[in-house]
Structures are given as C-alpha cells and as structure tokens.
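Presented sequentially are two complexes of chain A, the first with chain B as partner and the second with chain C.
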Partner chain A sequence: MKNQRMFILSGLLPALLLVLVFTYYPFFKGIVMAFQEYKLFDLRNVHFVGLDNFKAAFKDPKFLMALKNSGYWVFCSLILQFTFGLILALMMKKQFKGRGIYQGFAFYSWALSGFLIGMIWKWMFNSQIGVINDLLLKFGIIHERIGFLSDPKWAMVSNIVANVWYGVAFFAIMLLAALQSVPSELYEAAEMDGAASWRKLMNVTLPYIMPTIIATTLLRAIWIFNDPSIIYGLTNGGPAGSTHILSSLMLDKIIYGGDYGAASAIGIIMMVILLLYTIFFLTVTKAEKVGDF
Partner chain B sequence: MASRKKLLATLLTGAVTVGLMAGCGNNSNDSTSSNANANAGASDEKIKLRMIESLTSPNRTKLIQTSIDKFEAANPNIEVEFISPPFDQADNKIRTMLGAKEDIDILEVRDLNVAEMVNNGFVEPLNQYADKWADFGSVTAVAKSVGSVGDKIYFIPNGLYERQLFYRADWFKDLGLTPPKTWDELYETAKKLTDPAKNRFGFSFRGGSGSTGTTDAMILAFNGENVNLEDSMFTKDGASIYSTPEGKAAMELYLKLYKDASPPDSINWGFQEQVQAFTSGVTGMLLQDPDVIQSLTEKMQEGTWATAPLQTGPGGKALLAAGGAGWGIAANSEHKEAAWKLIEFLSSPAENTQFSKDFGLIPVHASAAEDEFFKTGPYKTLLDMSNQPDTFVNYKPAFQYPGNAQWGQVAMESTQALLLGQTNLDDTLKKWDQYWVDEKAKLKK
Partner chain C sequence: MKQRLLSMFKFSYLSLYLIIMIFPLYWIVITSLKPQKDIFSFPLKYWPDTITMDNYVNIFKISKFHIYIGNSFLIAITAAFVVLIIAILSAYVLARFSFRGHRQIMLAFFATQMLPGFIALAPLYLMMSNMHLLNNRISLVLMYTVGLIPFSTIMLRGFFQRIPGSLEEAAMIDGCSRWSALIRIIIPVMLPGIASTFIFAFVQNWNELFLAVMFIDNDALKTLPVAMNSFIMKFDVDWGAMSAGAVLSIIPTILIFAFAQRFIVEGLTQGAEKG
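Entry: the complex of A and B
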C-alpha cells in the first residue's frame, strides 16, 4: 500500500514541479514584492516598505480611474460580445452552402493576438489617415473627422469596439456548439404547441443552453478583466491616462517605471477583486449546475 | 507484467524530473570548464561569446550578423552567439538575464539605461581596454560622452542619433516658404501649411510616447545659454528649466503649435504615426532622427522632401543631445578580453562607418565625416550642425537620474491633459519643476 502511494507520488512529481516552479513561485514572489520597494533602477536597495505601495495606489488618481475603467470595460465588452456572439451562433446554426468556410472567416479574429489587434485598429481609428474616418466622411455620415483615439470621450469606446470584434468569435464558437446539442424533438414539440420562433428561442433554446451561457460569460469576464493586450496596442492608456484598466496600468508601471513593487501591489488588488468574483462565480455555478456541457 | 510497467513508468517520471531540473537550472558545469581558459584568449581552446542586442529590427540584426561573421572568420578560435530579442522586450530581457547572472559577455547598452546598468553593477568600465585601442583617438567627443557615466566609459556607441527637421520641399516651394530657423518661425510656417479641409497640417506632432522629444527640446532651446549643459534639467542658477519664464514661453508656443498647426489626432501619436503622417502627405514638417531616412527614401518621391537643422530658441541657440546605444561588456563575463576584441572590431572606423551608412546613423569616428556619403543628401545638415557648435550646443541628457526612466511617461500624460484642457499650464510646469527638484534631492542623498 505504501509502495503504491510512493508510486503515485513519483508519477505526479514532474507535473507538480512544473506547477510549483512556474505558477506558485512567481505568485508568492509577486506577493512579497508588493510589500517591497523593488525598482529596476536600484536593485541593490530592495527593502520592505509595508503597505506603502498599496497606499500610493489608492492615492493615485490614475489608479482610481483605471479601477473605474476596468468595470466599464468588462461590463460593456462582455454584454456586446455575448449579444453579437449569440446572434452569430443562431445564424450559423442553420445549414447553408459554404457554412464551413464562413465559420472559418467569422471565427478568425479569435486566432489573432490582442496586441496585433490593437495595432491594426490603431491604424483604422487614426483620424487623419485611418480608414474608418475616411469611410464615414465619404458616406456623408460625419462632416468632421473624429479623434477616436485622441478624444477621451471616444478612446474607451474605441478600445471596447476592438475588444468586441475580438471576443465575438469566442461566444459564437461556444454557443454554436451548445446550440447544436439541443435535441430537435424539443423544437418539434414546441411547434406542435404552436410556438413562434421568438417563443422557441426564449422557452426552448436559451433555457437549454443556459449552463453554457453562464459558464462562458463568467469565465470571459475574468479574461477581459485580465487582458491588457488590446489597450496596450491601441491607446496604451492614453490620452492622459484616460483608458487604462488595472492590468494595463500594471504593465505600464513595469515597462515605463521599472517599479515592480507598485505593479505587484496592483496585481494583488486585482487578485482580491477576482477572488471575490470567483466566490460569486462558484455560488452561481452551484445553483445552475454549470459545467454539464 | 504490471510491475514491469510500473518500473518503466517510474523510470520515465524520473527522467522527466531530471530533465526539467536540468532545463531550468544553470549549466554550472559549463561555466567552470570555461573558467579555466578564461584568460587564455590566445590558446587554441575555442571561446564562445554570447552577445545580446537591444534595438532589434530585422534589417539591423542582419547587418550586425554580417559583421560578426567577418569577425569569426578572422578569429577562428572565437565563436559568437548573437541573441536578438524583440525590441519591445529587449531591455527587460537583458536586465532579467543580467540579474539572473546568466552568461552574457557583450550587451547593447543604451544611453537611457546606462546609469541603471552601472548602478546595478551589471557592466564593466571599458577604459583600460579603450586606452590600448589605436582607433579610440578618432572617436568623437560626443560619442564618448554618450557612452560614459562620470569619467568612465561603459559602452562604445555603434552610431549616433541626432534630431533634425525633415520638410516637404514641394509644399514649401509652392507656398514660397523657406525652412524655419527658430521655433517661432516653425510655428508660423506650420500655420501657413495647415489646411484642415484638405487634411493637411504643418507639423507632425507627437503627443504620445516620446512626446518629451518636442517639449524638452523647446524648453531647452528657450532657456538657451542658461542651461547647465552637464545637468540639463537645471539652469546654471540651479533652478529647473521648467520653472523659468523662458520655459513657460516655450510651452505656450508648444500649445499653439498643437492647436493651430497639427492634426488633432496627434495628441496620442507615437513614432510610427508621426512618420506615417509625414510620408503619406498629411503633415509638412517632421522632427526626427536619421534612422527615418531609409523609410522616407523608400516611401516618398525624390525631391519632395529635404532636411534642415534643428530650430533655435529666441536666444539663437538650439540644444541638442546625440543619443545612441552601443556595445558594453557584462561585469560577470568570463571572456572579457575576447569580448573587447569583438567590440573593437565592430567599432573600427571601417565597420562602424559601413553600419552607419546602411542603417542610417551618424558614425562615431570623426574620420567618417570625410566620406562623400555624409557630405551630401539628408546627412549633410547633421554635419552642418556639428560644424556650428556655438549655435547647436550639445548637452548631456539627465540619464544619471533614476527618475529619468519614468519622466517620458509622466511628462507625456501631463502634456496630454494640458492639451485636452484638463489642467492649466502653470500647474503643469509646477508639477514638472517639483518632479526634478525631488529627483535632485534624491540623488544627493
């Protein structure tokens, strides 16, 4: 028996080591750094400073702005991604000629890196040489160029548009898979009861795929919250820090300030937020038996 | 049967574990064996140098690799492994590698991080090697100063960057304009070139990352003679350059330049947008380093653009700083002699001049100025500028301050807030003044 246990342990060892070294070590190191003055410029003078990094964060208007933006960014991106993803999935559920190819094109955005998407949209949104302004002008929809990335009113919206474009494919893929698992008998029964297509959607389709919907939206919210790549590529938090979210602000602290202490403090705050969110997530999933898909 | 399988599985996991640890760990055996022949540069033992670059771009990497190949052919006992991390992450990667004491012999040090490298004890002073180098005498004073912290030189620049004006010669001709000599003239000229209805603007403004290239240049030029050239964020009286009336006048002109003569979108533009706007015919004037010459030559018709010297302030002086990166030796390198040999080769007048020509840089050797290539075309103005040291005064950027690393970001964000009308000029300048006064106090500690 003991032998058996040793055998199991030795079998798990490589995987355990990998996780320990590459997940938990950086994680704990990050926690430690959040309480230290840890600046790249001065690595010989690393020392503990207690809660200073956290206090500085909450005093920083940029941080508070980023906190607010994070909420806005996650909420708007998620709702729009989900809505368009669902519409796309419903449209692709029906068989039509060339569906496979069409699917490939529709899901293409999901295969791109966020940073690249940021770069591409940056050129499209450019108000002087960008294609979006050009088209809007030519169609007579606007008469003056819009500074999509230079006007703080628009900059966050532009980021969200790019993010929605990116994330729609994810929902379309997941929801389409769920839709295809809805048994056709249910629809037949609904038709016999005289249900129109709207009723079928609300009373048959959506309830049936609800577990998938909950699981994907909750997961996706975490990803959107954590992912700075589109913002980093598109506006890099500008103009005047108006489009930073927490994760892009954290990157900013590292790349431009070399301040790992301040960045780690933001990281810890993000973790606390996500922890609260996860508790919420687990409560909801327990109630709805998500994970059955 | 089952026990055999079990044994096999145990062996396999053992192998994976060992492999994992070996992969992550340091190859310490390697370094001890190479330790033995550390000083035996002349022996037959083969030495392997590891070299890492920072300003990576495909074209540039190829040029450097060609030079390295030549070096390897001439020195069969030295093998060079050239590492090219992507530009955006290169400096972080170099820091991490040095921090982790990985085997790096030669690294590309930049003007903006040399103080940090020295402070962390990552790089070796090169004076003892350079003193014995025959060609060191012809290295220009500017190049030496770029590579130095205090009285020690830490890297030999592989070329220098210096700002000049690029302008649309054809537009200027149509409107009968001449290249502006002062910042005030630049504003007036830009205003004349601006016609938003035609999507034309005078000035390729850059309000995003790198914006201090314009704000600081203007503030320095306006402060002119008063600037302490060795401690350029401060005047000779010890006040910060942002606290003077001249500094304020410079920023007032800067705001007008944005509002009246620049694309509104440019508030968040960085290098690429700024250059793209010029090449695609949206803007008429661009302040940039010689490394854009290549792309201008490629994308624009000959004769549509030309160059002019940097603009001066009201006192008739333009302050300019040559910037650059170059090759330094890691402090914990075990092959310092061999590393220097390679640096000496790459920095030789022949190699460096060729590299500068191919990539678009100012060569570090004074003798290269004799080359016909640099006497004509877009490089000529750079040479003209260095021939008038009284007008175009060289200053040492504030690279010795730890806070300089973040200054670009701090200044950029407050400039954007100012341009958007979220703050006023007096508050902004007060904030900048405070930033540098604090930095100075920290440095003195």
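Entry: the complex of A and C
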C-alpha cells in the first residue's frame, strides 16, 4: 500500500510541480498585477492602485471596441465554423473513393499556426495585388478593388473569413468521429418506420451526437475568444485599432506597450466573461455532464 | 430524383470546400516560386510561366534562416520528448488509481485549457528574467513542456483507460514491479496513442509564437515564427521572401500531417472523448 502511494506521488509530482510553478503561480501573479500600476519601463514604481486599471479600460474607446469585436468575432466564427463543419462531416460520413486523401486535404489547416494563416490571408487580401480582389473582379462580383484590410468596414470580416477557414476542420473532425459512433441499429429502426433522410437527421443523428456538439461548441467558443494569433498575423488590430479583440489588445499591451497592469485588467475581464458564458451555456443546454470526467 | 439532387449537392459541397482549403496553400507556394517582378505586376499569373528559386536563395542570404530552422527543430523536439515522459507518468497514475485530490487535479489540468493564458505572460517574462533565462533556448523548452502537460495528460489518460488493467496485473503477478510493467507491457501497446501525442506536441511547439517573441530577441536563438514575425516588421513589402519563409515553416508540419493524419485525427477525437 505504501508502495502504491509512492508510485502515485512520484508519477504525479513532475507534472503537478511544473504546472503549479509555471502556470498557476504566474497566472495568479497576473491577477494581482491587474490591481497594480505595473509598467515594464517603470518597474521601480510598482504599487497598488485599486480598480484604476479597470476604470481606465472602460473609459478607453479601444477597449470598448475590442469588447464589441470579441462578441462579433466569436459569434460569427463559431456559427459559420459549426455549420460548414457539420455539413462537411455529414457529407464525409459515408465511405467514398479517395476519402482518406480527401480527409488529408480537408483537415490540414489544423497543422498550421494561426499566425501564418493570418499572414497568408494578409497576402491574399492585399488591396492592390491581392488574389481575392483579382478573383472577385474576374467573376464580376465587384467592380473596384476593396481595401479589405485598410477599410474598417471590411477588416473584421476579413479576420473572420480567415478564422472560419481555419476552424471548419476542427468541427468536422470532432463531429465526424461522433457521427461514426452512431449505432446503425438506430438508423435501421428509423428506416423501418419509413423516416425520410431529413427526419432521420433531425430525430436520430443530431440527438445522438448532441453531447459532442455541446462540448465542442463550448470549448471552441472559449478558444476562439482566447486566441489572438490569426488577428495578430492578419490585421494586428489595424486599421487604427478597429479590429482588436480583447485577447489581441491584451497581447498588444504586453508585447508592445509593456503595460502589464492594464493588460492584466483586460485578462480578468475576459475571465469574468468566460465564466458567465460557461454558466449561461451550461444552463441553457442543461449539460452539467459536459465537464464530468 | 431526390437521391440524385442530394448526391449532386454532396459532390459540389465537397469539391468547393476542397478548392477553398487548397487555394491559400497553392497561392503561397506559387508566389514563392515567382520572380520578383511577376509578384508585383498585372495581370496576376495563376500559373507562372517562369519558376525560380530566387526567393528561397534570397531568404537564406538576408537572414540566418538555417539557424532558425535548427532552433525550431531542436526546441520543438526536445520539449515534445520531455512532455511525453512527464505526461505518460501522470496520465497513467490518473487513469489507474483513485485517490484524494484526483478530481481536483483533473480539474486544474482542464482549467488551464480554458483560462486566458496570456494573463500569465507578463509574470512569466519577469520570472524568466529573474532566472536569467531570457535569450536562452531552455526557457522555451521549459515553457512549451509545461504548457502541454495538461492537454497531453488528458489525452494519454484516455488511451490508458482503453487498455484493460488486467494486462499489467498479470505481469505484476509474474513478479514485475509496477514500473517495469508500465515500461515493458503497457507502453508498447500504447504506441499509437503516444505517437499522436508526440506529434500533437511537436506541431504546437513548432508553431508557437508569442512566448518566443517575449523571451528571445537574440537573432541566433530565434525560432521560425519569431523570425517570420520580425520579417513582417522589417520587409513588409518583400512578399517573395516572406512567402518562401512561410512555405519553409509550413513544410514540416504538413509532411507530418500527411503521413500521420489518420493517427492524429483518431488520437485527438478518441482521447478527447474519453477525457
């Protein structure tokens, strides 16, 4: 028995210790920073300022813009990724010739970094020599070039397009796996009842994979909300700070502003939003079991 | 009739999606192979009539690109190995034993996947500075390892749970210790799961940008993403060199994905389902 306890302890110790020291400790330190004046270029003048960083954030038009953009970014990206991903998974469910190879091309975006994807799309969205303008002109969809990245009206849309391109694969992978686990007896029973394929989808397939749908949308929304890498590579918040989301604005304040207090305050606001979102989501979907492990 | 309509829709949807997925990759590759003057002139060439390696030659000339590639491989592989060793142990313990604090540990690992991790970025920078690890590749190996411990543990635990415990019990009755049962019996059975965890970790490390930007600014220690990031700032208009750099950074992960795609997809979905 004592042997077993030793084994448990020594197996867990490296993982626990590292995560505590290099993930949780700096994380809580970051939370404290949110209540401090903490600038990298003025480290001698670190002191507590109460809620000043939060007050400053809510007075900052850039922050308010980023708050609005975050909602827009998560909502549009999520809906589109999910819809296209679900259709793709349904289409790929039945075996067809070359499905293995197709899957390789359909899912490879997973292996790329958001930053590089942002860069590649930046090149394609270029207002003078970008291929997207060229194609749209060729097909007669537009008549003059659009400044996708320089026009605030389009810049956020461009970010979302790149993000949808990136994320459809994620949903397709997860939902395809779930679809393939639907027992075929369920379909046979439905067919005996003479159910049409649309009804089969609504009454058999979707209810069966609902736990996967709930878990993946919940997780995906959080990752989309937290991940600034596509925006960083594509518009980097531009033009004039109109396309920052909360996480990219926070990153900007850390890397280029050195204003750790202000950045941490944004981080805490993000955590509160995530918490409210998770509670809301789990209540609406009545899925307390999603996080049960 | 309805059947035909459905399969036509299916065919068009799958084809259109495939084109949309491949096109950006195609475009960046084509751009990298065009001579400088073709990149910036009209009409755009969708199929270049002259192909050149100039952009690739150029990128090794204007920067230490071979060094960035080396750094990226070194850091990504080392960190993936270390995380694998640590996570196999923790995943095994969490899969096989129940004890006080089990649930809390799982919760603490899960939470790291959902919290806005950048809150820790500034304190980490100060920690690395205090430990004199800024501009040192060890800082990245350390941070990449730590960052992947929770996810890898959750994923590997899913694989362990699918292997019946009777397997190592039989070995232990035969006189094996738990350690040697783990190493000699269980791990060989788990190899597919271990391989997909390793690949996942490698790809994540290979792609990581923000920690590397914070911790490294010595040119000889930069990883590929950091180098690409400073390219954008320095040569914003040199899309020839940048596309060549992008293609070179993408190749390893794409190759891995092409060879191990089945593995990875299976590993991610099944690991996650069990998690």
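Heads up, the rule we're going with is that the second predicted complex is superposed on the first by the 268 of 293 C-alpha atoms of A that agree within 3 Å, B and C clash if a C-alpha of one lies under 4 Å from a C-alpha of the other, contacts with A are read in each partner's own complex, and residues count from 1 in each chain.
Please note the rule applied: a contact is a pair of C-beta atoms (placed from the backbone, for glycine too) under 8 Å apart; a residue touches a chain by one contact, two chains touch by 3 or more.
None of the values given here were measured: they were computed from a predicted structure.
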Exercise. Sharing chain A, do chain B and chain C clash or fit in the superposition?
Worked result: clash
Problem set entry | Chain touching more of chain A, residue-wise (chain B, chain C) | C
For this session: In the overlay, answer first, second, both or neither for which of chain B and chain C A:L18 touches.
Result: both
Exercise. Should A:M210 be classified as contacting the first partner (chain B), the second (chain C), both, or neither?
Worked result: neither
For this session: Would you check which partner chain A:F107 touches, where first means chain B only, second means chain C only, and both and neither mean what they say?
Result: second
Problem set entry | chain B versus chain C as contact partner of A:L274, first or second or both or neither | second
For this session: Once the structures are superposed on A, label A:A240 by its partner contacts, choosing first (chain B), second (chain C), both or neither.
Result: first
Exercise. Touching A:A56, do we find chain B (first), chain C (second), both, or neither?
Worked result: neither
Exercise. If you stack the two complexes on chain A, which partner ends up touching A:G257: first (chain B), second (chain C), both, or neither?
Worked result: first
For this session: Look at A:R145 in the shared chain and tell me whether it touches chain B only, chain C only, both, or neither; answer first, second, both or neither.
Result: first
For this session: Answer with first, second, both or neither: which of chain B and chain C does A:I129 touch in the superposed model?
Result: both
Exercise. Between 149-157, 221-229 or 257-265, which run of chain C pushes into chain B after the superposition?
Worked result: 221-229
For this session: Would you please give the residues of chain A that touch chain B in one complex and also touch chain C in the other complex?
Result: 7, 10-11, 14, 18, 40, 129, 254-255
For this session: Report the residues of chain A in contact with chain C in the complex, numbered from low to high.
Result: 3-4, 7-8, 10-12, 14-16, 18-19, 22-27, 29-31, 33, 38, 40, 84, 87-88, 91-92, 100, 102-117, 119-121, 123-124, 129, 131, 134, 165, 168, 173-174, 176-177, 197, 212, 219, 222, 226, 228-229, 232, 247, 250-251, 254-255, 260, 263-264, 267-268, 270-271, 274, 278, 291, 293
Exercise. For chain A, which residues count as touching chain B in their complex?
Worked result: 7, 10-11, 13-14, 17-18, 21, 39-44, 62, 122, 126-129, 145, 147, 149-150, 152, 155, 235-236, 238-241, 252, 254-259
Seminar exercise, completed: Within their complex, chain C touches chain A through residues 6, 10, 13-14, 17-18, 20-22, 24-25, 27-28, 31, 39-40, 42-44, 86-87, 89-90, 92-94, 97, 99, 105-106, 108-110, 112-125, 127, 142-143, 145-147, 149-150, 153, 178-179, 203, 206-210, 213-214, 225, 228-229, 232, 239, 242-243, 246, 249-250, 253-254, 256-258, 261-262, 264-265, 268-270, 272-273, 275
Seminar exercise, completed: Note: in the complex, chain B contacts chain A through residues 6, 9-10, 13-14, 16-17, 20-21, 24, 92, 95, 99, 115-116, 119-121, 199, 201, 207-209, 263-268, 273, 276-277, 280, 282, 402, 405-406, 408-409, 412-414, 416-417, 419-420, 422
